[in-house]
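I have a structure here, written as structure tokens, and I will follow up with some questions on it.
Note that the chains are named A, B, C, D and E in the order they appear, and that numbering of residues resets to 1 at the start of each chain.
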Amino acid sequence: MTEFLSFLMNGVVLGLIFAVVALGFTLILGVMQVINFTHGILFALGAYFAFSMQKHVGFWLALILAPLLVGVVGWLLERLVIHRTYGGNPLFGLLLTFGLAMALEEVIRMVWGKAGYSVAAPRFAAGSLDLGFMIYSKYRLLLAALAILIILLVWLFLEKTPYGAIIKAGASDAEMVMALGKNLPRMRTFVFAIGSVLAGVAGVIAAPIWSVRPTIGTAILMPAFVIVVLGGIGSFWGSVLAGLIVGVSTSVSVMFWAQISDIIPYVIMTAVLLFRPRGLMGEKSVLEV
Amino acid sequence: MGRGNAWRKRLANPMWAVFLMFALFPYIPYIGRYISLGTEVVIWSLFALGFNILLGYTGLPSFGHGAFFGIGAYAAGIYFLRVSKGLWGPLFMSALIAGIAAALIGFLVAKKRGIYFALITIAVSQVFYFIAFRWDDLTGGETGLSGIDRMDLGIPGLLRIDLSPPLTYYYFVLAIFILCTLLIWRIVHSPFGRVLQAMRENELRASYLGYHTAAYKWAAFVVSGLFSGLAGGLYTLLINSAFAFVLDWTQSGNVVMMTLLGGGTVNFFGPVLGAAIFIVSRDLLSAYWESWMLLYGLIFVVVILFIPSGILGLIGGRKQTVLR
Amino acid sequence: MEKKGSTRISRRTFVKGAAAGVALLGSGAPPVIRRALAADPIYIGVVSPASGNYADHGMMERLGMQMAAEEFKDKGVLGRPVKLVVEDDETDPQVAARKARRLVEVEKIKYLIGGVSSSVAVSVGEVAQRYGALYIASNQNSDTLTAQYARRCVFMVPPDMAMALRTQAPYLLEKVGKRWYFFTHDYEWGWSGTKWARIILQKAGGTDLGESKIPLNTRDFSAFLLKARAAKPDALVITVGGVDLAALMEQMHEFGTYKETTLVMTLINLEDLWAVGPGKMEGIYWMEWYHEIEAPGVKEFVARYKKRWPGAPIPVPTANTLNGYIGVRELLRAVDRAGKDDVTAVIKALEGHTVRDSLKHDPIFIREWDHKFVWASYVVRSKKPDQMKDRADFAEVVRWAPGKDTVRTREENPVNLGPYPGQ
Amino acid sequence: MAILMTEGLTKNFGGLRAVDSLTLGIEEGKLTSVIGPNGAGKTTLFNLITGMIRPDAGRALFHGEDITHLPIHQIVRRGISRSFQILNLFNELTLFENVWLGVQAQQGHGRELLSPADALGSVEAETHRIIKEFGLAGKEEVPVKLLSYGDRRILEITISLTAKPSLLLLDEPTSGLVSEDRKRISEFLKKLSTRLTLLVVEHAMDVVLSISDHIVVMHQGRLLAQGTSEEIRANPRVQEAYLGGQYRLA
Amino acid sequence: MLVVEKMNTFYGDAHVLFDVSLEIREGEVVALLGRNGAGKTTTIRSIMGLTPPRTGRVIFKGENIATLPPYVIANRGVGFVPDNRRIFPTLTVRQNLELARKQGDGGKNGWTLEGIYEHFPALKEIEDRKGEVLSGGEQQMLTIARTLMGNPDLVLLDEPTEGLAPIMVMEVMKIIKELKEKGETILLVEQNSTLALGISQRAYILENGHVVYSGPAEDLIRNDEVKQKYLGI
């Protein structure tokens, strides 16, 4: 039982990281209808920026600065190329970002080298903590707390601020938002930057446990993608829920049959799609033609 | 005859030029020496042509077609190593098993369209990727399968051709490519093929004409899967091995890119041109620059932004319809 | 703790220099000799990862290869200069096969070397065999390359997993304990590590507490770590490599696993330790070679390396460097011995040959029936950060075993290499 | 005898009840028009009958057979065809190809994978015949997107007739047409109604009143009234409720 | 206030509007009539910049706005009430309204949230309800109120009575009349020409993308021939 609890706990922590990545992904997908293959690279950039910064500025400052820097990268990508695919066939966005992701991964290799690095967890969060019923890594608990905090902040932003209202409105009827005098291109750039920041922040907090490599971006992309489809495109809590489902199912299946643990998310996703094409909590499926 | 030639005009037929160019390839100075690269171009051309039945003719953006290529590759390898050493057996199985897989997956996706179709095909192809990696007893896992020989081509007692030299295998592949190209040409210009194009233009209207669109999409998926699988089988015989890496989603992206790059949405032979440019440029780039992936990715971006209808579309084809 | 700021700046210039060096060897020789070397060069095709999971390992092996090639700069081989032609295999067997075919088919290169991952080695070996070229697998450790995938045209430089465990396991039984739990990377190489460990454990009457098979590309090991901890083993025997290892070590440190049990790596490369950094993992490792061993010529080799590659990402040669160096050197020496540039003759010159200057404690014997390089390997214990004299000083050697005592015998591994090329 | 019956057909979109327990019988051989303001549920009714959407309640019977849950192509094969209010054509294909596809579907050649499509003589002949019949000859090779709006309107009807339906549903066949074209279409519909049953949604009252055998008035998803032109014209309920006292029927 | 000169608009390759010219003066209510598919909605979308005209000029307050993006046009003072309401379903009534508020006050009537609630008391009662659960009439009221929140100088009203129950039709017409009395400038697109002509000063009739009639509303009310020909009544 204790064993199961620890697997569950791990799944939850894993799922929370996934959820943060997926939230950014689904925000971009929901508002711009672009399947953003660069999202994994933005995650990796977050991790690399944090790795480079932490030595100089420490954990907390890097936690703030690195995602912002990723946001700037996202902003540039959107302004320079990605915005050109809006409104056209979604396949364009998909293929364009596919190519961008390839190029950017190479840029990471050129800048930081091919090898991986480990990223130190902050000293105060090193080691483990006795929770009574189990012993658990302090950093992971910190990570879970941070992830929950981020998710709540995003939620508050979307639900309680005027900007959030504009973004939500833009996701359901972009043209109308524009006709009411809102600068849609700027809003889209902003949303892309926010999505990038979320990818970046997930990269920062995940770096100490996964270490950084040029390929981590590709590795996180597919789970994010599965989560977004599973949870329902554009659905906030759908992404969080699906993130947890993917995290927990991956983790718990290790206990029973480790070999299938990385297939499980895909199986769940395929099954859900067969019976509920819009995903678990999708309200409107922007992907259905 | 007369009226239908609108269909024909649209595809002014460079077929014989293409065949001739491939036939003469080994005699082109310098690059002609690189027979197995040529073989690879022919194989990927076949794969892309098969894929284009879906993308170009039916308007279905499968983003997981690498799965069928990979399944075909493994089917040939496994059949050769486990069941029977032969030439035609493995090739037949590669098409058959990939066709069966396509029939099953086609069932899941036949009612879907657009990006949604792409999403599901990506997901399903990932499942095959993991199976290939995990089911070591069958697929050799990460190490893959090797030791798959090219058996002699021939009729016992009459004729024997040793296919192990690269040049003879090149012409063997080319012969199959020509046969399949004629077949695919035939299919896309058949009544069936026209229904596919009708669905690409307007699926709703096609069903209101009385076409069972889901069944047609399924059939297109299966036909496309058959050719992709056969290409995979030929590939296994080329490299004498089969690896799980062929099932990776980036491979699926590559075939989409080849098809678009050449202009598969506007011309029957777009995929062939795309495959040739794609493979040769990749080979050259990676030989001369360690960070070739950077350039490669940027080429994607440039193609999508500036020549979305592909090179043949640029030269002058019908305005592409699949992607906008 | 991480001090990489300075090395990273110089790294790019370094890479450029290395690439230029690889492209044209022999050009720096004095004019007289250069005239003597005017004949067609002897080309060696290097198929080695510059991208993908093992890119860092590939980089290190290429440095060694080039050092070996440079030894022949002045005198050449058979009076001909030596050139390395480098291709990136992307750690992908399919790409590797394509590159190898290109080298053999277009460039007409007869000798291939490289291969950090076992799948790449298998696929390049396949190409070499088909085209009658000679392939030296420089850095893959799987047992199968000299068993089911053994080919007449393929040689294997590094010790395999059987040798690893037969060197390491007795030490563990003696010094650590008999209750073991296994982490197995779920593919060929991982299985063979655990397989050999189990055989030895059983023979010694120890307790097998179970195994976690870890899928490739696992990012999160916490579940496995928790499962292992619950078994309370004396030793956690780990056969995990590549991308995943750094993450695993990181997480073992995070979960404090090393405090509760002795961590055992059945194979670790200095590149992996370097990536994780000091103090992250305490345990007992098997290493093919270590730059601090007291074998003849090692000090000189390390010094040469430092001089030749002052800006290298890792300041000392690793086992990958050594294997790359030995591979190219022995290949060229064999060509010289054969007296002609002919694959069959070179294969014959390698078969049954003994190499004295192996830079290990025993000479290398190249077995004629399975093409294995038989030489020593080492068991090391990690050093605590405060005991390290520099950042590369991760471990102290606690035991070594000669290759001939640990390698599989012909009875254990009966293979048939088939005919020589062209016969 | 009613060729088509709907029984309590109901469809909700979110909070909106688009079609509200509609029970209706369409007489065989007659031309029935459905009128009503925008949003009255006319197009939804068409979509329900032809299988494009599924009702939340009720059913539709065609020749006594329940067709409510049949897929579109099955319904078409049973003899119901339709045109769309918003043109629904194969825009990149030529006029000839558009009609050809319909004829081929009707003749059932679509499953032939390996025969050349150009060699289907009977399809080709029939296609030419139909194109001529509808006065579109000479424009065969023009891509549909380049045809004039009027021609496309006519093609929209033409192509829905290739299925040789016994019941044809026309959704605003004169929408967007100029007077001459509208006359052409009304005459054509009149002629057509001698061959098959027609169900027409139409806004142009002049057309409706001149061609209809029977008129159905819908409002807010419900059946408000039905009857002949005269009856509808005289119906005070229609005048009062649907027209709100402010509309005026000519 | 608004002058449209020889506007030509295309959907892809299809030419939809042909040399359309209109004029609306300050404080005027102008009706734009015509059959389904005549190009009325496209005209409004072209003025708004949602389907920008390929040629021609749209002069608003003396400046050509034909090439500007819609949000700039909106911020210059053009308000758009779409034909199918297009309430944001995931936002509450209040959020729908607040979203439309613009920086600065602009507009002579100075609509505020309080002013809107005073004018549309029904909306106040349902201010916390999400857009998706509103009835058709409530949605129509909200969409007009939402546009007013932007304090436009010119309101483009596209088929405000479409699909509404008769009682709601009357309600909406009452609102439009009140707006007219407050001096708002309105371009009203309506199917129901009787209703539209009842409150307009002038009217235009579109037929197949061409302006085929323009003149004072009273004239058109009496001109049965024109109405018969172009409006089918």
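Just so we're on the same page, a contact is a pair of C-beta atoms (placed from the backbone, for glycine too) under 8 Å apart; a residue touches a chain by one contact, two chains touch by 3 or more.
Just so it is clear, the structure is predicted and the values come from calculations on it, not from any experiment.
Fewest steps needed to get from subunit A to subunit D, stepping only to touching chains, is 2.
The minimum number of touch steps linking subunit D to subunit E comes to 1. Looking at which of A-C and A-E shares more C-beta pairs in contact, the answer is the pair A-C.
In this assembly, the chain whose C-alpha centre lies farthest from subunit B is E.
With every chain reduced to the mean of its CA atoms, the largest distance from subunit D is reached by C.
Here the spacing of subunit B and subunit C, counted between their Cα centres, is 37 Å.
Each chain gets one centre point, the mean of its Cα atoms, and the points for subunit B and subunit E are 53 Å apart. Note on chain placement: the centre of subunit B and the centre of subunit D lie 42 Å apart, centres being C-alpha means. Chain centres here are Cα means. That of subunit C falls 75 Å from that of subunit D. The set of subunit D residues touching two or more other chains is empty. The multi-chain contact residues of subunit B, meaning those touching 2 or more other chains, are 134, 293. Multi-chain contact residues of subunit A, defined as those touching 2 or more other chains: 106, 109-110, 259, 262. Applying the touch definition to all chain combinations yields A-B, A-C, A-E, B-C, B-D, D-E. Those residues of subunit A whose C-beta lies close enough to touch subunit C in the complex are 2-3, 6-7, 10-11, 13-14, 55, 106, 109-110, 112-118, 120-121, 126-128, 137, 139-140, 208-211, 213-216, 219, 250-252, 254-255, 258-259, 261-262.
Listing the residues of subunit B that touch subunit D in their complex gives 1, 3-8, 183, 186-187, 189-195, 197-198, 201-202, 204-214, 216, 223, 318-319, 321. By the touch criterion given at the top, residues 12-14, 35-38, 132-136, 159, 162-166, 169-170, 191-192, 194-195, 198, 207-208, 228-229, 232-233 of subunit E touch subunit D in their complex. Residues 33-37, 40, 133-134, 136, 140-144, 146-147, 164, 166, 239-241, 243, 245-246, 283, 286-287, 290, 293 of subunit B are the ones that touch subunit C when the two sit in their complex. Every residue of subunit E that touches subunit A in the complex is listed here, in rising order: 48, 50, 69-71, 74-75, 80, 82, 86, 88-91, 95-96, 98-100, 102, 146-147, 150.
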